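Common to both upcoming complexes is chain A, partnered first by chain B, then by chain C.
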Partner chain A sequence: MSAAKFSNPVVRWIDHRLPVFSMLDHTAHEYPTPKNLNYMWNFGSLAGLSLVIMIVTGIVLAMSYTAHVDYAFGSVERIMRDVNHGWLIRYIHMNTASFFFIVVYLHIFRGLYYGSYKAPRELLWILGVVIFLLMMATAFMGYVLPWGQMSFWGATVITNLFSAIPVVGESIVTFLWGGFSVDNPTLNRFFSLHYLMPFVIAGVVVLHIVALHRFGSNNPIGIDTKGPQDTISFHPYYTIKDIVGVALFLLLLAVAVFFYPNAMGHPDNYIPANPMQTPAHIVPEWYFLPFYAILRAVPDKLGGVLLMFGAIGVLFILPWLDRSPVRSARFRPLFRIFFWLLVVDAVALGYLGGKPAEGSYVVMARIATAWYFLHFLVILPALSIFENTKPLPKSISEPVLATTGEAV
Partner chain B sequence: MRKVFVAATMALLAVTGISGAAQAAGGGDVRLEKQEWSFAGVFGHYDKASMQRGFQVYREVCAGCHSLEYVAFRNLADLGYNEAEIKAIAAEYEVQDGPDEDGEMFMRPARPADRFPSPYANDNQARANNNGALPPDLSLIAKARAYGPDYLYSLLTGYVEAPSSVSVPEGMYYNDAYSGHMIAMPQPIYGDDVTYADGAPTSAQAISADVTHFLMWAAEPKLETRKRIGVAAVFFLSIFLIMSYLAKRRVWADVH
Partner chain C sequence: MANSTSNSESPSADGIQEPGRRDFIVVATYAMGAVGAGAVAWPLIDQMNPAADTLALASTEVDVSKIAEGQAITVTWRGKPVFIRHRTADEIARANAVDSADLRDPEEDETRVQRPELLVVVGVCTHLGCVPLGQKTGDVRGEYDGWFCPCHGSHYDTSGRIRKGPAPTNLAVPPYSFVSDNVIQIG
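Now for the complex of A and B:
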C-alpha cells in the first residue's frame, strides 16, 4: 500500500490510515480488464444503477405510504395526486422494477452465451443467481403493497403455492400470512421485508463484485487474459463505455416513465383489493411469466411448484452441467444453436404464462417446460462430451489485431 | 453476435408487449372503438372545455350512483375554474363533519379541500339501491380498464339491441363493449341528456367523449406535467447519449 502515489497531502494522510483511495485507485487503474468486452458487458453496471434507483425512490415512497389494508391503496393515490412529484417517484419505481429485470435477464443470457459461469467463476455465477432469487422475492412483495386487485390475488396465489408442501404446507402458509388469509398482517410483513431485502441484495452484490475482481471479467472470446497486451485499465475505457449504456438505459426508462408509465403494469391493480371478487385472469408481473408458465404446465400442484423452483435450481448447478472446457459460444457451433433455442424457449414460456391455462396453451407450455429442463439436464452435459469445438485463438490481442487489419 | 443480441432483445420486448396487450384485452368479442383523444401522444394535453362539459355530465348523470373518491374540489382548478367558482361548486355539496363541542356529527357545505362525497353511505347501501350491483368508484376507472378511455367511450355508446339468440335477464342490459355483454348499469346516456352552456353538441357520442375526457383527467391528473417533463427529459438524454458515445469513441481511439 503505497500512500506516496497521491500528490494531495490530505488524501495521503487519510489513505495511510484508511486506504479507501488506494482501493479506488486499484479498481480504476490497476484492475486489469480484457480489452475486447462488447456492449453485452454493460448490464452489470446497469443492474447496479437499477438497484440504486429502486432504493432511493423506494425510501422516498415509504415516507408517504401506509401499510394497512384500509389505507394502502388510498395512500398510493395520495402519492400520485398530492405529494409533490409523487407521481414521478412512483412511476420511476414501478418502471425501473421492470427495467431491472430486463437488464438482469440480458445479463444472465450474456453469461450463458459466453460461458461466464465456468471455472474459476462458479461462485460469481451462483451469487448472481442468489441475487436473482432475492430480486424476485422483493419484486413480488413490492407488487403487493399498492393493495390493488392483482396485488391481493397475486399474493394469494403465490403464497398458496407453499401449501403444496406435504404435511407442513398448510401451517407454512398460515405462518407466511400471519393469519388465515392474505390480510393486514401479510401486508405489514411484506412491507417490512420489501424494505429490508434491497439491502440484502446490495450485500450480495458486494460479494458478487469481490468474486468478479478475483479473476476479472470473462470476455467474448472466453479465453484467459495472457498479459498486459490483452488488458486495459477500467478507467477511462470502461467507465466511459458504461456511461454510454447508462445514457441509453435512462433514455429508454424516461420514455417508459413519461409516456407509457402503466404499459408494463396491469389495469386491475388500479382497482382496490377485494377479497370477495376474483379477477377473470390472475397474472403476475411480466417478468415472472416464464416461471408462472412452468408452474401451470404441471397438472400436479406440488410437481408444478418443484419444477418452478427447479427452473432456477438448475442455474445453481449449471457450472457442473456444462463441462465443456471452451467458454464462449463463438467456438461452440452446436452450443450456439441450442443457446438460441433456449432464448426462444424462454420467450415462449413468457408468452404462454400470460395466456389462460387452457387448450393448446397448456400443451405448448408443457413442451416448452420440457425443453427448458432438457436443455440444462441433458443437452448441455451431452454437448460437453460430443461437441467438436473450433480452435481457440492464442490470446485476446491476436484476433483483435487480426480484425483491425485486413478483412478476415 | 451483438446484432443478433440486439435483434433478440427487440423481439423479446415486442413479444412481452404484445402478450401484455393481449392479456389486457381479455374477453373475446367485445367492441372497442378507438378515438382521437387530445391527451394521447407525446405532446398530449387535456381540453379544458371538454373536461368542464364532462364534469357537468358527471354531476348531472353519473354522480347519482358513482362516487369520485380520490378527487377533491380544489383539483377542479385543472379544469380551468377559478377559486370563487370552485368554492361555489363545493358549496353545492353537503359533507359530514364533526364531532362538534357537544360531540355531535353535523352536516356542512363542502369546502375546496373536501373530496367529492359519495352518493351512498356504504357499499351495502349502494348495492341495495342498484339491484345488488355495486357502481364502481370513477376516480381511477380510466386507468383500471384496459384501453381505458376508448373502453369507457365504447361502453357508454355500446347499448344496442340484444341479438335474438340472447335472452337478457331481468335487471341486466345488453352492451356490446362489456365483457360478457350483460351489464347491470342501465343505459346512462341517450343524447341531449344535458344542456351545455357553451352550446357544444349533445349527441350521445359527444357527451360520452366529454365525460370520458373528464374521467381520464380524474384518473391521471398529472398527465400534462408528466408529458411536458418527458419531452425535456428525452431531449436532454438523447443529447447525453450522443455526447457520451462520441466521448467513448475518442477515448477508445488508441486501443487496438
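Now for the complex of A and C:
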C-alpha cells in the first residue's frame, strides 16, 4: 500500500486503519486518465456538483418549508420574503434543478456520440440510466411541493397515468394518492420521498464511479489506453480542467439565479393550487417535455404510458442495440449523421411537448416519436451490420508520437 | 517537459526551492476557493437566524389599567411568559428595604421599575428556565413573597430579585415603555 506517501503522521495513522486517504489519492490524484479527453468529459463532475448543491440547498429549505396543503404555498412565500437569504436559496435550488438536467443531458449525449455505453462499460451506462430515472422521480415530486397550480395539476396528470394499467390501475392510483385525489396525504409522502431520493441517487452515483474506475474513462477516439504513454494523472490536469468547467457552470447559474430566476419555470405555479380549476395548458417543467410529447403522441392511454417509459427503456438496452465494434462517432460517418438527427429529434420533441396537443402539432409529435424509436430499434442495429467505418488509429498516442519515431 | 518554466523554480545551491510562479498561482487559487466557500456558507448558516416575520413579532402591547392592586397577570412576549404585578405599598416598601449589597445580583428596586407599583419581569427562572410560581392566588410565593421556582427551589422577592436558591441572577426586566397612560409596549 502507499501509506508511505503521506508525510503527516496523523494521516498515516488514520490511513493504516481506514485507508480513506489512500483511496482518495488513488481515485482522484494519481488516477491514470486518458490524456485526450475533451471538454465533453466535464459534465460528469458538473452533475456531481449539481447534486451536492441540490442536497445542501434542499436540506436548508426543508427547515422552513411546511408540507401541508394549507401552509405549503405560504411557507414557500415566507422563505422568499422573510427567511434570511431565503429568496437566494430557493432560486438556487430551483435553477440548479434545471441546470442539473442540462448537464446530465449533455453527459448522456456525450455517451451516445462516443460509444461510452459499449463493452465493457454496459453496467456503467445502465447505472447512469438508473440515476436519470431517480432524478426524474425526485424532480417531479419536488415540483409538487410549492403547491402551485402546476404542482397540483402536474401531480394529478402524472399520477393518473397509472390508471392505464389494466385491472389494478385504479387501486394503484388510490394507493399512490393516499385518498381519492391529489391531496394532503399525497403532498406529505412526496415531501418525505423527495428528501430521501437524492441520497439514493448519491448511492447509485458511488456505484457509477466505481464502475467507471474499473476500466477507466472512454475517450474521444474510443481506443483503449495501452499504457502510461496514453494517460496522465487525474490531479492536477483534470482537477484543474474540471475547475474551469465548474467556474463556467457557476457563472451561468449565477446569471440565471440573479437575473432570470423564473425564466425556466411556469408563471402558473405562482397561483395557489385550486382543485376546482384546471389551467388552460398543463405542462411539466422543460426537462420532461420530450417525454410528455411522446406520452401525448399515442392516441391510446396505456400505449402512451408504455411508449413514454419505453423511451427510457431503449436507453437501458442500448449496448445490445448498437453492436458496432467501433466506439466513437469520429470513425463512424453514417452513425454521426443519425446522431445529429437524433439531437434534432429530441429538441423537436421538447418543443412539441410544450405546445397544445392540437392540429399539426399532433402529427409532428407522432413523426418525432416514431423517429426516436426508429433510431434506437432499427437504425442503430442496422448500422452495426452495414456501416463502413473509418480506419482506427492504433492508439491514443500514435497520431502524436508516430512522427517522432517513439514507441506506440 | 525538458525545460522548466522559470529559473526561480530550480533548486538553489543549498537544495531549497525558491517560491515560484506556480506556487503563487496555487496559493491564490486555494485562497479564492476559501473566500468562495465562505461566501457560499454564510447565507446557508444565516438563514437559520430569526426570519423577518419572527423579528416583527418582537413587541407585545399590554393594557395595565385593569390590573388591581395586589394582582398580577401573565402575558406572552417572544414566546416567553412576562409577569406584570401591580404591587401593594407594602410590597414596594419591602423591596426598597433590602440592602442591595446583601444580594447575589445587586440591584436597587427603583432601577428595575419605571412606576414603583408596576413590576414587569420575564417569568423565566434564571437557573435553568422553568416558569416560577406566584402568579395565581394560592400559589407558593417563597420566603420573600415574590415568586418561587419549584424545579430547584429558587426564591425571588417582591422586586423579582434572587434571594435564595441556585439561580444566579434576578428575573430579567424586559425593555418596555408606556405608549399611553395605561398601555405598555414590551420589546
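Observations
We adopt the following convention: the second predicted complex is superposed on the first by the 396 of 408 C-alpha atoms of A that agree within 3 Å, B and C clash if a C-alpha of one lies under 4 Å from a C-alpha of the other, contacts with A are read in each partner's own complex, and residues count from 1 in each chain.
As a convention for this text, contacts are C-beta pairs under 8 Å (C-beta built on N, C-alpha and C of every residue); 3 or more make two chains touch, one makes a residue touch a chain.
Remember, it's a predicted structure, so these values are computed and weren't measured experimentally.
In the superposed model, A:Val60 makes contact with chain C only, not with chain B.
Set against each other, chain B and chain C touch different numbers of residues in chain A, with B touching more.
Once the two complexes are laid over each other on the shared chain, residue contacts for A:Arg81 go to chain B and to chain C alike.
When the shared chain is aligned, chain B comes close enough to touch A:Lys355, but chain C does not. Shared interface residues of chain A, touching chain B in one complex and chain C in the other, are 81, 88, 243. On chain C, the positions that touch chain A within their shared complex are 29, 43-44, 46-49, 51-54. Across the complex, chain C is touched by residues 56-57, 60, 63-64, 78, 81-86, 88-89, 243 of chain A.
Those residues of chain B whose C-beta lies close enough to touch chain A in the complex are 1-2, 4-5, 8-9, 11-13, 15-17, 19-20, 22-24, 26-27, 42, 70, 75, 136, 139-140, 143-146, 148, 179, 219, 221-222, 226-227, 229-231, 233-234, 237-238, 240-241, 244-245, 247-248, 251-252, 255-256. Listing the residues of chain A that touch chain B in their complex gives 35, 38-40, 74, 77, 80-81, 87-88, 91, 102, 105-106, 110, 113, 220, 232, 236-237, 240-241, 243-244, 246-248, 250-251, 254-255, 257-259, 261-264, 266-268, 270-271, 280-281, 283, 286, 289, 330, 340, 343, 347, 350-351, 354-355, 400-401, 404.
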